[in-house]
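There are structures below to look over.
There are two complexes below, and they share subunit A, which is joined by subunit B in the first and by subunit C in the second.
Moving on, here comes the complex of A and B:
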C-alpha cells in the first residue's frame, strides 16, 4: 500500500515538470511569433509596398511612352500596357495583401489659353492609379493631358512632361492628350495585373496667337507648375508670373507668346475586363 | 536490523529522485528566464524601424555649383537629420533643416516636392559625396555624388 502511494507521487512529479516545460516552450514560441508579427512584418510589408509603388511608376512611364509614340506615329492600332494593382501577401504568414484602384477619369483637367481678345479652352480626361497601402505612404499616379504626375497628399511632382517644343523663343507647340474611356471598362479595383488597351483616334491642331495667360484647373497644380517652370520655358527668355491655387494654376506672361499651337490627341483607352 | 538498513536505503533513493526533479525544474526555469531576459533586452533595446525609410532623393548641382537635393516621393524625413558632405576628403556635418525654406520646414519634415539648396560649399570642378542620415532612426537614407 505504501509502495503504491510513493509510485503515484513520483509519477505526479514527472507530470508537472513535463507540463511546465510545455507551457514554457509554448510561451517562447508565442513570444517569438509575437515579436516577428509586431516588429518585422510591418517593416517587410512597408518595403514590399514601396517596391510595388516603384513598379507601378515604371509601368506608368511605359504607358506614357506608348501614348507618346502612338500620337507621333498616328497609327490606328491598339497597344496594350500592364498595370499591377495591389501587393501579394507574405508567404507562410499570409498577411499584407493590398488592393489598389485604376480608373480612366472623365474631364479632370482643363486648360485655357487667352490673348487680349480671344481664348481657347480644352477639357481632357486621364488615367489615375490610386494605392491603398497599409504601411507605406499612399500615392496617386496620374497621366493627365500627357503629363505624368506623382501625388502624395498634399503635394505633387512631375514625373514626365507632355510633348512640347519652343522655337524662336516664343513659338510654342504643346501636345495634350484626351484619353477617353469606354463605359463599363474604365474602372477596376483589386489585386493583380490588368491590361490597359490604348488606341490613337485623331490629332487636331488649334492655333492661338499672342497668348498672354494660361489658366489650368487640376488636382495637381504643383506638378503643372513644375512643368511651366522647367528649363525650356525658363530658358525661352519669357518672363511670367505664376499663381498657385488649391486646384488652379494661373500663368501671366509679361510679353505675349508668338504662336501657341495646341495639338489635341484623342486616345481611346479601355481596361481589358474580359468575360471568362 | 537488516530490514532497517534496507528501508533507510530505499528512503535515500526516493528523496534523491525527488531532488533531481526539483533541480531539473529549477534548471529549466532558470534557463527559460535567462533566455527570455536576453530576448527581452535585445528586442526592446532595438529600434523598431531598423529598415531605412523608403525615399527617393535626387541630388544635382546648379550653374553656380550649389548642391540641390530633391525629395521625389516616399517617406518624409526629419529636419533634424544630418547631411554628411565630403569634399576632397574634408567631411562636414550639416543639419538638413538649415537648408530648407521656411515653408517646407513648417511641419518639421522634408517631404515630397520639397528641395534643399546647399550653396557655397562646392567649387567648380569639385565633386562632393553626400550622405543623409535620418535623425530619428540613425540610419543612412541617401548616398550619392554631386
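Moving on, here comes the complex of A and C:
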C-alpha cells in the first residue's frame, strides 16, 4: 500500500515538471509578444504612417503639376490623379489601419489686390487632404489657389508656390486656381486609393495697376507669407511690410507694383473610388 | 523483488528523460528568446528616435535648418557642422527665435538659423556637412550636405553736382558702392563711362583705380558688411551726340473739341520746337512719327500725318511743312486707335529695333471716348465688354510690348491740355504714362529708372512753350549710369546694381 502511494507520487511529480515547463514557455511567449506589441508595434506604425504622409505629399505634388500643366495647355480634357487615404494594417498582427479624408473645399481662400483708387478681389476653392493618424502627428495637405501647403496645426509651410513671374522688377503675373468640386463628389473619407479627375474650364486675365497692398484670408497665412517672402520677390527690389494674423495676411508695398496680372484658372474636379 | 526493482528503474529512467527533455526545451526556448531579443532590442534600429523631416539650405549666408513635418524634437538637440577643416558643435536652442524657445521644442515650421557669415572662410569650400543628433532618446535625426552659394547684396548710387550744369563747366559725379549684405566682398569692378562729349578732368577714390578710357573702376579694397567705397569723377560738360537711335512717336488728339485756334497753337508748337536745331538734333539720330486720332463709330478713327522720318538737314523742311498743315479730325477721342496705329506704324519702320530708344508723347484734352480693339484695323469697335478708357490702357500695354520698352531708356509721356477734371489727369498719370509711377512735370526728375510724366497746359495757348520744354528735356538730357560688373560673390539682387542720373546741360 505504502509502495503504491510512493509510485503514484513519483508519476505525479513527472507531470508537474511538464506543466511548469509549459507555463514557463507560455510566459516567455506572452512576455515576448507583449514587448513587441507595446514597444515595437507603435514604432512600426508610426514609421508606416510617416511613410504614408510622404506618399500623399508626392501624390499632391503630382496633382499640382497636373493642374499647372492643364492651365498652360488650356485643353478641355480631364486628367486623373490618385490620392491614397489611410494606411494598411500590419501583417499577422492585424492592427494599425487608419482612415483619412479628402475634400474639395468651397470658397476657402480670398485675395484682394488694392491700389490707391481701386481693388480686385478673388475667392477660390481648393483641395484638402486631412490625415487621421493613430501614432504619427496629423497633417493637412492643401492645394489652395495653386499653392501647395503642408500644415501641422497650428502652423503651415509652403511646399510648392503658385505659378508666377516678375518682369521689369515690378510687373507681377500671378496664376490663381479656382478648383470647383462636383456636387456629391467632393468629399471622401476612409481607406483606399481615390481618383481625382481634373478638367480645365477657363482662364481669365485681370489686371490691376500700381498695386500697393494685398490682403489674404486663409487658414494658412504662414505658408502664403513664405511665398510673398520668396527670393524672387525679395531680389526684385520690392520693399514691403507683412502683417500675419490668425487667418489673414496683409502686405503693404512701399513702392507700388507696376502691373499685377492675375490669371484666374477655373478647374473642375470630382472624386471617385478606384479600389478599396 | 526483481519485478519491483525493474519498475523502480523504469520510473527513474522515465523521470530522467522527461527532466532532460524539459531542460532541453527550456534551453532551446531561452536560446531562441535570447536570439530574438537580441535581434529586436540590440540590433541597430532604422530610426528609434522621433520621425521628423528637417531640411537644410543656405539663405543669405545663414545655414537654415527647417522642421518640415513630423514630430517635434528637443531644443537640446546637438547640431554638428563641418566645412573645410572646421568642425562646430552647437545646440539648437542657441539659434532659434524666442517664440520657438517657449515650449523647448523644435516644432513644425520652426527654424534653426546659424550665421555662416561669422566664418568668412566658409566661402572657400564647396559644401557644408550637417548632422543633427536628438538628445532624448539619443539618435541621429538628419545628415545632409548643403552646397555653398555665398550671396552678397551690393548697391550703387550716383549723384551729380550741380544737377543742371552749364555747357563747358565742370561737373562732379559721386559714385558710391554699398555692401548691404553680411559678408565681405572683394574683386569689385564698376563701370562708369563718361559720354563722348565730356572731357575727363580727374578722379579720386578711397581705393582702386579709375580708367576714364574704359570707364572701369577696379582694384577696389574689400568692402565689409555695412561698408562702402566712393569714387568721384570730375568732368567738363560738352555737347553729346546720341549713341542710339530715338524713335519719337507723337499722338495728337485731334477730335472735335479742338478748335481752329487751338490747331494753330499745336502747329506753332510743333514747328517751333522741331525746327529749333539746338534742341531738336538733325544728325540723323531721331526718327519722328505723328499720328492724329479722332472719329465716330463705324468710321475712320486715326491717320498718320507724318510717316516715320529721320530728321536731318535734308528732311527738316518736309517735316516742318507737313506739321504746319496738320488738320483735325471729327468726333470723339479714339485714344486706343491712335496708340495702335502709332505702334504699328513705328514697328513697320525700316529702322525699327527694340534696342532703339522709344519715346511716345500723347497730347490730349480728355479721356478716351471711342475704342479700337487689337484686330488689325483702326475702325471704331463696339467694345465687347470693354470701355474706351480700358481699351486705351490695353492698347498702351500692347505698344509697350511691341516696342520692347525698358525703363532705363524708354518712356510714354502725356500733355494734358485744358483738363479740369482731376480724374482725367490721374488717368493720364496713373494708367497711361510709363514707366510707373508717373509724376507731374515740371520739374523733370533726373533719377533712373525713368518715370513717365504728365505736363499740364491750362490752355492750348500754353502748348508751344510746354512742348518745347518737353522736347528739350527728352531729347537733350544725357544719361550716365554706373553698374557693378564684377564681384567676388554672387549678388542675386541685381536691381540695385545699377544707378544713373540724367543731366540737361544749359
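Throughout what follows, the second predicted complex is superposed on the first by the 269 of 276 C-alpha atoms of A that agree within 3 Å, B and C clash if a C-alpha of one lies under 4 Å from a C-alpha of the other, contacts with A are read in each partner's own complex, and residues count from 1 in each chain.
In the analysis below, a residue touches a chain if its C-beta (ideal position, glycine included) is under 8 Å from a C-beta of that chain, and two chains touch if they have at least 3 such contacts.
Predicted model only: the values in this text are computed from it and were never measured.
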Practice task
Quick one: on subunit A, after the overlay, do subunit B and subunit C clash, or do they fit? Just give me the call.
Solution key: clash
Handout entry: Contact breadth on subunit A, by residue count: subunit C or subunit B
Key = C
Exercise for the section: Considering only touches as defined above, state whether A:18 meets subunit B (first), subunit C (second), both or neither. Expected result: second
Handout entry: Contacts of A:192 with subunit B and subunit C, given as first, second, both or neither
Key = neither
Practice task
Go through the superposed model and pick first if A:28 touches only subunit B, second if only subunit C, both, or neither.
Solution key: both
Exercise for the section: Report for A:36: first if it touches subunit B alone, second if subunit C alone, otherwise both or neither. Expected result: second
Handout entry: First, second, both or neither for A:245, with subunit B first and subunit C second
Key = neither
Exercise for the section: Return first, second, both or neither, reflecting whether A:139 touches subunit B, subunit C, both chains, or no partner chain. Expected result: both
Handout entry: Those residues of subunit A which subunit B touches in one complex and subunit C touches in the other
Key = 10, 13-14, 17, 20-21, 24, 28, 35, 43, 46-47, 50, 53, 136-137, 139, 150, 152, 155-157, 222
Completion exercise
In the complex, the residues of subunit A that touch subunit B are 6, 10, 13-14, 16-17, 20-21, 24, 27-28, 31, 35, 39, 43, 46-47, 50, 53, 136-137, 139, 150, 152, 155-157, 222
Exercise for the section: Spell out the part of subunit C that touches subunit A in their complex, as residue ranges. Expected result: 4, 7, 11, 14-15, 18-19, 22, 25-26, 29-30, 33, 36-37, 40, 45-48, 51, 66, 68-71, 107-110, 393, 397, 406-407, 426, 430-431, 435-437, 449, 492-496
Completion exercise
Contacts from subunit A onto subunit C in the complex sit at residues 3, 7, 10-11, 13-14, 17-18, 20-21, 24-25, 28, 32, 35-36, 40, 43, 46-47, 50, 53, 115-117, 136-137, 139, 150, 152, 155-157, 168-170, 207, 209-210, 222, 231, 234-237, 255-256, 258-259
Fill in the blank from the handout: Interface with subunit A, subunit B side, in the complex: residues 14, 17-18, 21, 24-25, 28-29, 32, 35-36, 39, 43, 46, 48-51, 54, 72-76, 111-114
